[in-house]
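Here the structure is laid out as structure tokens; the discussion comes afterwards.
Should a chain be cited, it is by its letter among A, B, C and D, assigned in written order, with residues numbered from 1 in that chain.
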Amino acid sequence: MPKHKIGIVGATGYTGSELVRLLIDHPDVSIEIITSESKAGTSFSKINPHFKGRIDMKLEPLKNLADHELDLVFLALPHGVSMDFIRDWNPDDFRVIDLSGDFRLGSAEEYRQWYHKKHKAPDLIEKAVFGLPELFRDQIRNARLVANPGCYPTSAILALAPLIKNEIIEPEQIMIDSKSGVSGAGAKAKQQTHFPEVFGNFSAYGLLKHRHTPEIQHNLARYAQKSTEVLFTPHLIPIDRGILTTTYSTPTKDIDKEYLGEWYYSFYEKEYFIRVVDDPPNVKHVRGSNYCDIHVTYDERTNKVVTVSTIDNLVKGAAGQAVQNMNLMFGFIERSGLEISPLSP
Amino acid sequence: MPKHKIGIVGATGYTGSELVRLLIDHPDVSIEIITSESKAGTSFSKINPHFKGRIDMKLEPLKNLADHELDLVFLALPHGVSMDFIRDWNPDDFRVIDLSGDFRLGSAEEYRQWYHKKHKAPDLIEKAVFGLPELFRDQIRNARLVANPGCYPTSAILALAPLIKNEIIEPEQIMIDSKSGVSGAGAKAKQQTHFPEVFGNFSAYGLLKHRHTPEIQHNLARYAQKSTEVLFTPHLIPIDRGILTTTYSTPTKDIDKEYLGEWYYSFYEKEYFIRVVDDPPNVKHVRGSNYCDIHVTYDERTNKVVTVSTIDNLVKGAAGQAVQNMNLMFGFIERSGLEISPLSP
Amino acid sequence: MPKHKIGIVGATGYTGSELVRLLIDHPDVSIEIITSESKAGTSFSKINPHFKGRIDMKLEPLKNLADHELDLVFLALPHGVSMDFIRDWNPDDFRVIDLSGDFRLGSAEEYRQWYHKKHKAPDLIEKAVFGLPELFRDQIRNARLVANPGCYPTSAILALAPLIKNEIIEPEQIMIDSKSGVSGAGAKAKQQTHFPEVFGNFSAYGLLKHRHTPEIQHNLARYAQKSTEVLFTPHLIPIDRGILTTTYSTPTKDIDKEYLGEWYYSFYEKEYFIRVVDDPPNVKHVRGSNYCDIHVTYDERTNKVVTVSTIDNLVKGAAGQAVQNMNLMFGFIERSGLEISPLSP
Amino acid sequence: MPKHKIGIVGATGYTGSELVRLLIDHPDVSIEIITSESKAGTSFSKINPHFKGRIDMKLEPLKNLADHELDLVFLALPHGVSMDFIRDWNPDDFRVIDLSGDFRLGSAEEYRQWYHKKHKAPDLIEKAVFGLPELFRDQIRNARLVANPGCYPTSAILALAPLIKNEIIEPEQIMIDSKSGVSGAGAKAKQQTHFPEVFGNFSAYGLLKHRHTPEIQHNLARYAQKSTEVLFTPHLIPIDRGILTTTYSTPTKDIDKEYLGEWYYSFYEKEYFIRVVDDPPNVKHVRGSNYCDIHVTYDERTNKVVTVSTIDNLVKGAAGQAVQNMNLMFGFIERSGLEISPLSP
């Protein structure tokens, strides 16, 4: 079978380079073009020296995209830039997996409210499929435009989906306390991510107004067909990769703690990338891999269900999940190119 | 005025060495003896080389304590060992500040339930004063035995006390999501704290059964005179020092967000070591100091009060608070020896 | 072609688990047995939870080795334990790659001098081949016993080999200043590797007497056929993985700086895993991979040749190099199973 | 005695805020003014929130300096900006301690060669005293302009001074391998100091051309009255604070290893801030303090003297040393305000 041709738009960010890491080892696709406006003409491994000897193609300007007969394009662009691309895109040309937040919410209004800008391709918001394969697999298979989930939402939604779907918890009283490594803030240097400021530190940020709040709410609701309200608090862990999310919710009925764990296990039994674990997981056990580890328990005293889930924010929380979506869209084996052991210690 | 004479029992742990750091700069006390059974005869700065040139006294066995006319003894011993000492202690000899968990709970029964061992000095549990100066100042002044609070409880109780005391939140539905640096686990090497295991990692541990749960509950209840139930989830941050605690609770009444912050500010206005801050605090802004920074806000959508508080677990969460208690007990200026700028970056 | 059968002796250390990571993805071998005396009966992924779902075989006692018709055994044992195994080994049974230091030096006398114990299989020391494929490829192909190089020596010898071999530098005046991540100290918790001690810290250790000194000297000499003397200073970097080695040496002749770099490039041109780089390399650009990056320059003022080289101590410095050796011994493509992109950021 | 009045020019960098940390606790001086052009009007603790409650004065523009009758001004400005200030400065107005590199070299020519710009106050270069108190104490006492040493040079010069001064080593064959925490690169975010790039990493930089090379050479020569040549290689440690410097040099005569250590001890016996230590030191044992720990040894095999020295780059390597210089200039006790225990763990 000839390899499927793919393009990567936006090569200088962390999701772009992580896509390259996964796709150069993928047996069934070939990277035809990687674009960068600011670095066009430079070789990809000049920008990302760790790839020297692995991939040495030159970065090209976006306009060259049309020179290749691409089957699929990954958009590794910032929020707000993706929708510019999509607005001008002809869905018949190639399929798109967008790794930005531009097509993950429910409406242009919601987008404006949380992203503080006007959406430029509002008619495509509803057509985009939320690319969380474990929950929306069938829709992803046929999608032309996949909105690849955010990192925090992936960790939170996968942990909460069984509870919401089966009406085990109150859907409007969910607390989500997330902690993320710094690569989630992107590859561009900022004062808040200056090494001496973050090293030895730990902080909460974006209280009550982080953009992943509506993304979690909307897509949990979309999956479970019921309205949800979540309180989402992100924190910055002084590490490079990894998200751990702890959630607290109130049951709607009597809970048998033993049974709860077993039931999670069976809920995700056929999912290769979900590992329901007996002990609280840690982020290093998923580093570099596409796994999501989930632990669930129940506290009788306060009558709360507690989940703890972990992902590598750049893999299951971004590039890995994008490749998983691509596999579904192309009819490949879903885990193709993604059977990677976590790097620990 | 002649200096007050103090002794430190247990010098090889982190709280012991942190007590020394603070007390050698204290203007009104002198360290007469530092004990260590395993290292008796060795100089303190041999065990803790960073103190070379600062303090060179030799460690002595516990039995030498009686050779000094001490005014006060700090017990920097593990849980379970402190109560052995206290059982044999004559309260007329000297006052005691115990930095272990042995005298922080409400009863011998509660102790047995959470610490899984029988209490050996049950009659003194009620006589011990919980050494959180901002809440129990008057009792501390006259105490013979002070139970110095745990690190997590200090960060949680100070953040929640205003809400509980004034019946602003439901006292039995409190979620406490805490994150601590690794020095909180003590100075002794363990497999879980082996550097390559913790580095680049983040994890939850002790779910639902951490011993600080009843300590928080009991002392919030003691302060506010009402029953409380908390769900406490500790996490391990891959740093040396610092605790950040995020709490979620449900109001009992309508909340005005603006007013809430101002009211916290006035609640703690006279407290030198409590800084109510407008932005979510971070642990490096209190590193090495006795400050507790607290931020409070309210989420209308989910109707929750959120607090974020930070301390240095070895200072306000252990040795610094112990010195603050000592200052009260001796009638010194409360912040004497504790006016230390945080070390940042 | 049926897969070659391999065994791993010693599964609880970092080199053991890293061997598993590489070998489960290797197309031409199958892991038949993993041994551990202390954990026999337990599943490998119970000890190393990040492998859950990747490999779930049970650990077996060493005596079960004979039950499998193995082609090759990796010894991931501590120094001193490997030679016990080798003493009893029949070279006709299977080939061996020993990852300990027991067979890397020149003689039993040298071993006793630096390891402070008597060698138990002295007759095999000379028969063992030093498993640095770039320098000893032909001998490795036919070896029954390969002594897999230490992590520091790999980084130092590969950087210095071109200079020594071609008599460009004085061979008895070489200074080697190495810096290593903490996983090099092994998986077992020790007081020196307790997280709060290492975090935020940096130190030199083992001055003048580290065991890798004679390993570097002996094997540089073996390769270049001339006597060498090196001064080796190891330092501990507060990270999990990675070694960076800086060397200083004195030229024997006039040096053209431009030419020096080009000449290094051509010296290693055919070596897949050696990347001669124009800028000083960093350890994260090789993390998780089998690459060794080398930079060389010359300082006219002080008349010194300077090299900077980097490896992942657990891959090119241990398990990856062992797999590379295995590939040579089995006549596989040398990079089979080792074409792994570094994990960065 | 009325307090001496001091000003700090440049408050937004790390050396500026570290000066504040030390000076607000100094018994004999008062901070009259802190300047910042970009942040004038803002309170200092708004920029540096960890100082909230410690110091709340407003930042002022530079022109306000004349409004205060200052005794001494600290210049915490970038290289190149300090000399602008000095060019316009009247030495009769107040004394100056300049923490930049502008007045540390031997001549305007040397400055142009290494800093690639023309010096604007060349006549003052010779008048400036190099502020390393242990070596230039008498000159500092009477200086109007002190050039406060760089961080790397402080660690290297203090380690090498005894050897050079007493002609124990060849002065033109010195190798200096230094490793520094990231705060040495300043408070301003850059791509190279973006957290995910530095975390888990280690690298060499500035090979052969770092500006501290001539600073070390020139001031060692100035002290020992003989020409020196050094090869200086800086490396970046992924921590916030701390420098460790390893040096290698060749003896001019026979060395007795035992004696060497004792002789170092006596050389620095009266220096409060120099601790000659028996074991190789580590950076955490000096964190936050003004100590410089030095270890010396000798390798017979390669005939090399090796030193390992550590400082906190922001204290003994910058602000602490500046305060020590100030104490000398004002005739205070030299360690006044600097008796600070290192913060460990």
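We adopt the following convention: a residue touches a chain if its C-beta (ideal position, glycine included) is under 8 Å from a C-beta of that chain, and two chains touch if they have at least 3 such contacts.
Which protein is which chain? UniProt says A, B, C, D = N-acetyl-gamma-glutamyl-phosphate reductase.
The shown structure was predicted, so the numbers you read here are calculated from the model rather than taken from an experiment.
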Open item on the list: Strictly by the touch rule at the top, which chains does chain C share as contacts with chain D?
Closed with: A, B
Task: Chain separated most widely from chain D, comparing mean CA positions - done: A
TODO: Starting from the mean Cα coordinates of chain B and chain C, work out the distance between those two points in Å.
DONE: 46
- [ ] Please compute the C-alpha centroid of chain B, do the same for chain D, then give the distance between them in whole Å.
- [x] 36
- [ ] Give me the residues of chain C that touch two or more other chains.
- [x] 14, 181, 183, 187, 196-197, 199-200, 238-241, 281, 284, 287, 345
TODO: Using the touch rule from the top, collect the residues of chain C that touch chain B in their complex.
DONE: 14, 181-183, 187-191, 193-200, 238-240
- [ ] Spell out the part of chain C that touches chain D in their complex, as residue ranges.
- [x] 172-175, 177, 179, 181, 196-197, 199-205, 207-208, 229-231, 233, 235, 237-242, 244, 246, 248, 280-284, 287, 295, 297, 299, 301-302, 304, 306, 308, 345
Task: Residue ranges of chain C touching chain A (in the complex, touch as defined) - done: 14, 17, 21, 24-25, 48-54, 183, 187, 199-200, 240-241, 272, 275, 277, 279, 281, 284-289, 291, 339, 341-345
